[in-house]
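Note that subunit A is present in both complexes that follow, paired respectively with subunit B and with subunit C.
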Partner chain A sequence: MNMLRTDAEHASQKKRSKLLQNASFQKLLFLFVALVPTFGGYLVFGLYPNLLSVYYSLLDWNGISKAKFIGLENYGRLFMDHYVWRALGHNLFYMATVPLITIFISLVLAYLLTNKGYAGTAIFKVLFFFPNVLSTVVVSLLWAFIYDGSFGLLNAFLKLIGIDMNGFYWLGDTRTALAALVPPLVWAGVGFYIVIFMNAMSTIPKSLYECAVLEGASHMTRLFRITIPLISPLIRVSTVFLVLGTLKSLDLVLILTRGGPAGSTDVIGLYMFNMAFGEQVQNYGYASAIGMFLFLILVGAKLVVDKLIPDRGYEY
Partner chain B sequence: MKERRSVIDLVWWVVLIAWSLTILFPIVWDLYESLKTNVSFFQDVWTFPKQIQWGNYRKAWVGYHLLDAMVNTLYYVGASLLIGTFLTALNAYALTRMNFKGRKLIWGMIMLSLFLPGINALIPQYILMRDLHMTNSLTGLIVLDVLGENVFFLMLLSGFMRSLPRELEESGTIDGASLFTIFFRIILPLSMPGLVTVAIFKFIGLYNTFLQPFIYLSDSSKYTVGVNIYHANMLMQYTNDWVTMFAGVAITMVPSVLIFMFFQRWIMEGATLGSVKG
Partner chain C sequence: MKSYLKAASASLALMFVVSSLAACGSANSSNDQTAANSPSAAGSTSSASAPAEAQVYPENGLPTDQKVTLKVGFFEGGMGREWFDVAVESFKAKFPNVSFDVTSSPTISQVTQTKIGANDDKGMFNLFSGSIPGGIAPYVESGKLESEEDLWNHKAYDGNGKTLKELSFNGSFESSPRTAGNTYAFPISGSGSGLMYNKALFEKNGWDENPKTWSDFLKLSAEIKAAGITPITFPGVYADYITNAFGVPKIYELAEANNTLDQVQTDYHQFNTPYFLAPENIERWNRIYEMGKKGYFPAGLAAMNHTQSQMQVVQGKAAMVSTGTWVENEMKQSTPEDFKWGYMTVPFGDQPDSTKWTTFTPGSGFLIWAAKPDLEKAWSKEFIAWLWNLDNQQQIAEKGGMIPLRSDFADDPARLAKLQSLPSAFLDYAKNNKVKMDSGAADVQLTDPAFEQANKVISEAITQIATGKQDPLPILKEAEEYLKKAIAAQKK
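For the complex of A and B:
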């Protein structure tokens, strides 16, 4: 009897341990499937190339011939390269204009849609978001049609109100091309910020406005004195996002002007791109050095924006 | 709190209308001109088309090989979207609802990707793919898109899965269900709204990607829709066939318009998910 019990106990223990083993094996298998493709892929195709780009920036290499280690020579060349600084200047111009205009327009439109309750608010909201789902190629081509000298919408419109531009190519002139790229960049981005600002604004209690209304504050005063301070953390995040995005972006410029005419719209990302994948030159080492330089600028830009916009939240 | 409407209100309303027009005008203009002949377009961009030229759409569809491009895009977007969403779901489940050694470290390393600009990885990534013989291939692009982490999608699904009650797994384990059964039978169906949001955003993102396909694909027979229309526009400088180009751009817009029409609420709610409360 006694013996039998121990046997039974033994058997159940064995069974349990086998089950446990099975369960832990299952867990291991699950973790393997769940982590290797995504996290492993990220290590191989994300992190590793990022680290590798540091090494590449120290090479003289066109991607085909044998790479030559040249130390910091690429960085020396970069600082002497007039084109790098010109491109950086254009980046600064976009950084100073695109985020500011985008946030300003989004704030005003979001405020109007949240607090005014005009007819068609729901339709406006959807319509304003629409450009955000369009691809950069489509946005670029639509704006290329607008800016065209001979058959562009802009010139046709100006002619209608009595201004004849004589077939002026907005994207083909070094004086206007740089500024002409600002509207498409803003146009394509505003909708997203309207939606997130509207969402934040709708959480502000109505009671906060009532007092201001009683004292006769105008809508503009309410927007700048109540709404904007209350959602300032979100504005701050949006600014960082837009500034960094503007610094990195190159596809719209690539499609619309290829950095031309005469390099007047070249940006640092595009210069790097052309160095690596351009038709004439293939200099992976130098392009990587420009990439590293851009990385440092991005870090710097984030620090500057953080300093410029105070990080203060209000409780309500 | 109802306020009286005033003249200023009218001004603000005009502002809203004006912004709507800046959005509608370029798009409507493209559609309008796509229905004309080149001759009437060159003569005067405003004149009404005498006879509606649906043929421009056929010309664009055939001339720009849009069917091939659409099939390529369907393959690239469809496969990346299905595999990618599934892998992200697995990943989110493991990282939020399972305990294992090194989980914190993995989270930390994934968060690190937020600080990587990505743009300077473009070259080493290309070399890597070239060494693996996966350039000039749509499958290569799928591999590149699917194998990796995306913090936005991961956070979205993790947040979703975290809100599911623990008892679900516990009762499943008692009933003897394996981890895989629990994941497929309980977790995935309950996370459906999150999965749909991720899939929609993946669709928009993938359909709109330009840089990667542009860099990687060298055979014109492999072009995606975006790259295809870009090259068509480059050629248009020589052919001067504007109206066909207008039609081509209109066709390129169709998938975006459809997805936006059907999933408009999901998209706009999803857009706010990533942002913090103001």
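For the complex of A and C:
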């Protein structure tokens, strides 16, 4: 009897070890081990809450009381809500300005740092990247100080060059607040893209630039004719990140202006946040509907960027 | 090298296993404790120990031999937490079987909300201060919060048999915020709101520190403006701060003068329309607008946060700030040692002897999570009652800068002298004027998004109105429309 069991065990062990030595099984096992934690995390923390939001958007629910199914009523309300459209208008303004300025400044600075051979290139790289390690709160407080009317750096600088702003609060006026948020958004993002573009530019063969120099190409010509076309796939991806990030962002606005003055800097993310976690009212259903609407806008923005910047890569 | 790596990996793995086991062990012990404190356990023990009278505290009838840990979420705001720590220590000394597990933060409401979202009653705080975003009404409706109304009839530990209601400062019982007729965050202190000013600046310029009528007040504002100083400031980023000086009680002041007080109070407690378009409310906003046109509020108002606006007063750039009596404690690190705060309310009446309605909010209370074991809830209530002890009220006043709620607080002049200058100035103002206090809170809560939109219409317009750029009437009309939608949705 014992002998029989031993034989059976031996056979099973042999079978198991054969299976483990099998190349395709090993490959499957590796894929399983590699994918399950990340994909599982994505399912649980990414996809599931998002799908749940679709359901929430059909409810009248404050997150604690009994949910009431109201169909598409939240969406109907959303399209009639002028705050949504006003906030969206501000988002479009940021979408049109922040990515463009960020990409342009990043490209120019990355090109200069890569091709001019400055002595302190590494230091500049760190300095430009520095705002990225600061939290949004710190960035916001720095810019609140810059824009302050009484003791702000901007007014002090303007006074130095002969322009007296008479204690003007840049974030306190409906005419300037929206535009005043663009520089902090650009400043906080530009360093990251400088590093990305510098790394991409360093892979472009020097011979291409040498040829261009021999043929008398200026720096601008080299930037626009050689560098930018060769790293265009990266610029495209960066633009997508920036556009989507700008549409979604609310933290800087929340800290600096809370959407004011008079709603002139309200953005859709902030409006959604206030609807979900408002002081007076919490309505997860309506906030989720705004979230779904924002999701559609993000998909639309991605498609527009794809259309405007074709995916044209060059081999070198 | 490899062997070192192996040894290091083995040590790390060992540490991980040991710490995991330790964690499991501690988790088990905490589970045991929780099980002992579960409602059933508490219930059975109390029934079993009922005959053993020696095992309960004579002061409150709670068992002496059952260990209880109260998890507390503490809002560390302008009051600081020194007073709270003192109260906890004295409570633990008196009742050694009770211990505390305190999490404190200026943004404790976010921690609380996350805990509520986790739907884990065991992990939830027993007691928590600070607000819950969106208000407590939905939680009350769902039975998640324990009513603390019975605490008004709780005998004070040091009150010679008197109840907390009997010992409370005049008007605190009536003006305590209630939801569905019950008190949920039993107040432990009060705060007065209005205009806080730099007393030395007023004395130096000989300005009227107690204007009795609206025209006196306008005269004072004009004098301050003429001296090159902004009369009134407030944090425009959090524009609702204007209501500290120009809040709902000012509507009541106008209503009293118009003999419509009862009607207006009912309308404001119940959200009856006209609400934003009530004549007294229109008048209130028109007055702010008129002041705005005269430049009585700073031009860059909308960009100012709390610190910036309060610093304007400390630096003498503005004379008064619309905020609460907590500002002294909040700003104590930034004010010079000899800086003295003064207090006044904005008089809305025409007669010097007319009633000055003042915002007084009994508050700083702790909410109690209902789904906790009965024994823990009972101890939670005892701790709140403990905070009404005169010693603790003195700590709240002295260290927290708040107004004590015990009416017998002033019986001892030495104790009264412990008040910070601003709460003291508030009480002086109340003593020297005909004052009525009200929190301005409504009895019902609207939960439809249209109500948030109605408030948004107003709060976005505040800085524009206060700088004379926006006529309030169209704004009030728009807000009224949203309010009507919210009320209609609520009735569905």
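Operating definition for what follows: the second predicted complex is superposed on the first by the 270 of 316 C-alpha atoms of A that agree within 3 Å, B and C clash if a C-alpha of one lies under 4 Å from a C-alpha of the other, contacts with A are read in each partner's own complex, and residues count from 1 in each chain.
In this text, a residue touches a chain if its C-beta (ideal position, glycine included) is under 8 Å from a C-beta of that chain, and two chains touch if they have at least 3 such contacts.
Keep in mind the model is a prediction, meaning the values are calculated, not measured.
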Combined model on subunit A: subunit C and subunit B, fit or clash: clash
Greater subunit A contact set [subunit C / subunit B]: B
First, second, both or neither for A:34, with subunit B first and subunit C second: first
Touched partner set for A:63, first subunit B, second subunit C, both or neither: both
First, second, both or neither for A:199, with subunit B first and subunit C second: first
Subunit B versus subunit C as contact partner of A:169, first or second or both or neither: second
First, second, both or neither for A:209, with subunit B first and subunit C second: first
A:131 touches, of subunit B and subunit C: first, second, both or neither? first
First (subunit B), second (subunit C), both or neither touched by A:77: second
First (subunit B), second (subunit C), both or neither touched by A:274: second
Subunit B versus subunit C as contact partner of A:158, first or second or both or neither: neither
Footprint overlap on subunit A, comparing subunit B with subunit C: 63, 144, 277
Residues on subunit A engaged by subunit C in the complex (per definition of touch): 62-66, 77, 81, 83, 144, 147-150, 167-174, 177, 257-263, 274-275, 277-283, 286
Residue ranges of subunit C touching subunit A (in the complex, touch as defined): 113, 116-117, 131, 133-135, 138-139, 141-142, 144, 236-239, 299-305, 308, 312, 317, 446-449, 451-453, 455-456, 460-461, 463-464, 470
Of all residues in subunit A, those that touch subunit B in their complex: 23, 26-27, 30-31, 33-35, 37-50, 52-53, 56, 63, 105, 108-109, 112-113, 116, 118, 120, 124-138, 141-146, 151, 153, 156, 160, 187, 192, 195-197, 199-201, 203-204, 206, 209-210, 213, 219, 230-234, 237, 244, 248, 250-251, 255, 269, 272-273, 276-277, 284, 287-288, 291-292, 294-295, 298-299
Contacting residues of subunit B [partner subunit A, same complex]: 1, 3, 8-9, 12-13, 15-16, 19-20, 22-27, 29-30, 33, 41-42, 45-46, 87-88, 90-91, 93-95, 98, 100, 106, 109-110, 112-113, 115-128, 144, 146-149, 178-180, 183, 204, 207-208, 210-211, 215, 226-227, 229-230, 233, 242, 245-246, 249, 252-253, 256, 259-260, 264, 267-268, 271-272, 275-278
